[in-house]
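All chains are identified by letter, namely A, B, C and D, in their written order; residue positions are counted from 1 within each chain.
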Amino acid sequence: MKIGLIGLGKMGGNMATRLIRAGHEIVGFDLSEENRQKATEHGAQVVSSLDDLVAALPERKVVWVMVPHGKPTDSTLEALLEKLSENDIVIDGGNSNYQDSMRRGEIFKAKGMFFIDSGTSGGIWGLEEGYCLMIGGDTEAVVHVSPVFADLAPNPKGWLHVGPTGSGHFVKMVHNGIEYGMMQAYAEGLELMRAKEEFGLNLANITELWRHGSVVRSWLLDLTAEYLKNDPELKELSDYVSDSGEGRWTVIDSIQEGVPAPVITLSVQMRLRSQQDQSYAGKVLSAMRNAFGGHAVKKVSDE
Amino acid sequence: MKIGLIGLGKMGGNMATRLIRAGHEIVGFDLSEENRQKATEHGAQVVSSLDDLVAALPERKVVWVMVPHGKPTDSTLEALLEKLSENDIVIDGGNSNYQDSMRRGEIFKAKGMFFIDSGTSGGIWGLEEGYCLMIGGDTEAVVHVSPVFADLAPNPKGWLHVGPTGSGHFVKMVHNGIEYGMMQAYAEGLELMRAKEEFGLNLANITELWRHGSVVRSWLLDLTAEYLKNDPELKELSDYVSDSGEGRWTVIDSIQEGVPAPVITLSVQMRLRSQQDQSYAGKVLSAMRNAFGGHAVKKVSDE
Amino acid sequence: MKIGLIGLGKMGGNMATRLIRAGHEIVGFDLSEENRQKATEHGAQVVSSLDDLVAALPERKVVWVMVPHGKPTDSTLEALLEKLSENDIVIDGGNSNYQDSMRRGEIFKAKGMFFIDSGTSGGIWGLEEGYCLMIGGDTEAVVHVSPVFADLAPNPKGWLHVGPTGSGHFVKMVHNGIEYGMMQAYAEGLELMRAKEEFGLNLANITELWRHGSVVRSWLLDLTAEYLKNDPELKELSDYVSDSGEGRWTVIDSIQEGVPAPVITLSVQMRLRSQQDQSYAGKVLSAMRNAFGGHAVKKVSDE
Amino acid sequence: MKIGLIGLGKMGGNMATRLIRAGHEIVGFDLSEENRQKATEHGAQVVSSLDDLVAALPERKVVWVMVPHGKPTDSTLEALLEKLSENDIVIDGGNSNYQDSMRRGEIFKAKGMFFIDSGTSGGIWGLEEGYCLMIGGDTEAVVHVSPVFADLAPNPKGWLHVGPTGSGHFVKMVHNGIEYGMMQAYAEGLELMRAKEEFGLNLANITELWRHGSVVRSWLLDLTAEYLKNDPELKELSDYVSDSGEGRWTVIDSIQEGVPAPVITLSVQMRLRSQQDQSYAGKVLSAMRNAFGGHAVKKVSDE
């Protein structure tokens, strides 16, 4: 089918390419000239404004929004609310907070339009391997867009209408929370093996080994093993670890629900810790140790 | 090749079967008549004593020990030390503590024998899919037994000589620590999705979905999705979760090494918590709340 | 001075008594006849409606609100907004969320009134020992009410104008987060000592000992030691531990700020865990263990 | 009474002074000339060898050992085993592992001597305020030394014979575990308050405030408030936090006992994290994020 696609960056650009390969027509828009250029090369029809994008679409317009969550998504959706008509369908395929999606769904519904939230997993590998899609929204609209979902997904089981509006992004949020926990578990284990210097373990070989028949085999392990082959010491990488929102939201949601999610939470907190240049909490501990025990404590100038 | 195999239970029995299918000859021993019977049916030559087992093996005897860690392994290895001769090889394929394996390796070495520790992953699926083997010991002995390793493993990459004696069980220990962390991450995420009642999420469908293209796809997820298909509410299962040793050892080792492994640790601790019928710590908290705030606290009789 | 006091329960009633003892006049209101009766006995002038309460106060009316947070506080404050006049002062001394207090402060300010948030610590001991008050709001209004703060506090250092509106409840929130962490630390330590059966430790004696010269001496320890004297086994207490809001808010706020607060967080989560009758996460772990290892798992019917 | 005291450093030197003030006679020994000199000035009789120390003591010799745990304690105790006689009493007042103390107790007992383990809390404040003593050993020997315990303690309730040999150091170990948890809770709370810049909170004033009537008042808070008065930003302190053994032992012991102690554990782990210059686990996370999401990750060269 012919759909609009707003956001032609790393994720959106690849999705356009994958859909075009499957025979769909993409009318693309992006603020960046470079991204627009690339999409053109991959076969998209690129326009230079939202008005042009809307104008280029056939009736019952379908627009996929793939821009950063928060303000960019908000302003894009507000513009589409003005420019689209009853029965049209907007899909937010980005990493929006599910509560925002529930709120936005209400606004579109009040105008007789449809809002679908699609949690999208797969990263840069989605282009070749397909994206796992967790979809929330009204059944009728989801069915209408299903040819697109089916071709983005790796296979017929790779997309699912999980529930009402908001549930797609909720399931994606939890997915990412789990991902944080898994990543941290691997990272801790690898660090412990590396610390056991007397065994002289080769982590690239061991992670490769575990891919074959072990209980911890996974796609994340596949990627890790490949990465370590080229750079087992990870010398050039910083131990500063960013977080992208869903992890924090999972923690907050679990606390609000009264569900203990300690491992997911701690995975987020270890990232927050990695983001600190100086930990004031650590300084407070040093102060206390000095105060009660007369312990010599490290000064900044010692470092 | 022809090797001895002591312990024909769930793990050992399957390994015997897999090796026999690959053309090896197995001389098996187990204290249980039932296990011996089963192994016979699968083609093993079964004997009724360790002496018979040793007698039945050709020169440069190779004996694989697959019995519960701790005392059973200790007494089996002590007996083998008496009955075997210089250059013979014993493999401990069970879940022994790697420090025990290092100690045992020294004892065998002092007698001119070889001790190999093989961390063995794969569970009940190993029979069909192959076992992932993490092997520690002297290279010459490992090479000698390599035809066995190769046929137990799912493919040539599924076994690895990771380092000196003890390192096989060490790597397996860390493997299991990571496994605990991954399992807890999935479990927390699933519980959070289940708690979001307004979305009416179908966890069997969602775990199946994630198998196709998501970042959290893994073998553990495969198993979970299959299990949930038959029993999504897990009504018959208790929330009591056992632990089998390696998780605790990973925690202790990380603390001794000074390596923070908070997520693996907490995964173990949540299992310990699940094993408590009554938490005295919880009662202490209730006592404090009552003491400072006059908070009405639950009495056992309210429950 | 003469002030209104809405909410004459466990906290509000004691505060009225303490203020009356110090020479202040209290016009009290409570929905409960019993609470009103008690306050009368302690010397308060009790009225039967908010209108009467307002009418009974002198110019520049000062009203202290001490009702449960959330809806009761909301409806009380909304009513006062209608009934009070410019320059009047309302103090929320309850456990409100600091963001609610910031919002409410704006509303009162827009009407030319003053809103003060007072985080109040001390529990049922405040009557005799005095309350620790963490106060947010405009300086002029805080100064006006200072005679009340001074007499509620145990001494001149026991109340403080910590910052603008909202900051009083924020500081109280963090105070409670710390309290959760301290309580959990003691509870874990006591449980570990109790588990060491071979030493036959007397926890009542040990907690009493620690009150004298140890690094962990504290008021919470004082209360714990006293409680354990009467009931060292805590036999009648449940291990179900409630939480009252501030702990969860501290977690959420720390995550939003990007500040790692793992110990406070985990203290909250262990309470959430204690509140679960059955842990679905635990059942998921049992399912996985069964699926990969064929581990016999506990059934509900075994318990 | 007249006792020997080996180790005249920060702790031992102060204990000597406190005992001399109370009328006891101290025969002191230390490897450091400076420490010996100081002890002489405070009234101790100082000797230059263990032989001289033993020779200077009256019958039923009592020797208090106050040296670093591990090897220094081991070698001192071994020397005393040679030099002392039946019925003599040795007290280890340092921070030894309780399992070492149990083992040492057996050795002394086999020679007809007495070994007492005294967990000693109070830090540099013990000199003036008294030490809290947790004492393990045979009752008869403990009673014999009780005049010394009584004068080291702040008051008659400040020392306690808690149980058999080893139990004194065990209780001290748990005490320190709790201390780690409390410290971390305060540190996290203070960091969160500091991060809330819009409130401009004065942490020195707030910690002082909390000392008066709040639920979190404690001796550790007293020290923290005093420290912050002089240096609220803790500018000169490093966030590197050492750990001294008991915290790690508490974690290990809790895991071995199967008792969940997550908050104490995490307090230790956050210290371990603070001791890392570069976290390999963090680098692994960066590698994974880069591998699956193409996320730009920080390079070491960016820092």
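Before moving on, here are some points about what is shown:
The rule is short, and it goes like this: a contact is a pair of C-beta atoms (placed from the backbone, for glycine too) under 8 Å apart; a residue touches a chain by one contact, two chains touch by 3 or more.
Treat the numbers as computed from the prediction; the structure is a model and nothing was measured.
Looking at the partners of chain B and chain D together, the chains they share are A, C. In this entry, chain A maps onto chain B through a rotation of 180 degrees when their C-alpha atoms are superposed, rounded to the nearest 5.
Interface repeat of C-D: among A-D, A-B or B-D, the matching pair is A-B, sharing over half of the residue-numbered contact pairs. Of all chains, the one whose CA centroid is most distant from that of chain D is A.
Centroid to centroid, with C-alpha atoms defining each point, chain A and chain B lie 34 Å apart. Chain C has its Cα centroid 47 Å from the Cα centroid of chain B. Centroid to centroid, with C-alpha atoms defining each point, chain A and chain C lie 38 Å apart. Counting partner chains per residue, chain D has residues 123, 184, 186, 188, 191, 215, 219-220, 258-262, 266, 270, 273, 281, 292 touching two or more of them. Against chain C, in their complex, chain D makes its touches with residues 121-123, 126, 129-132, 134, 136, 153-155, 157-160, 162-164, 166-167, 170-171, 174-182, 184-186, 188-189, 191-193, 195-196, 198-202, 205-206, 208-221, 250, 253-254, 257-264, 266-267, 270.
Here chain D touches chain A in the complex through residues 10, 123-125, 183-184, 186-188, 190-191, 194, 219-220, 223-224, 226-228, 231, 234-242, 262, 266, 270-271, 273-274, 278-295, 297-303, going by the rule given at the top.
Contacts from chain C toward chain A in the complex involve residues 215, 248, 251-252, 255-256, 258-262, 265-266, 268-270, 272-273, 275-276, 281, 292.
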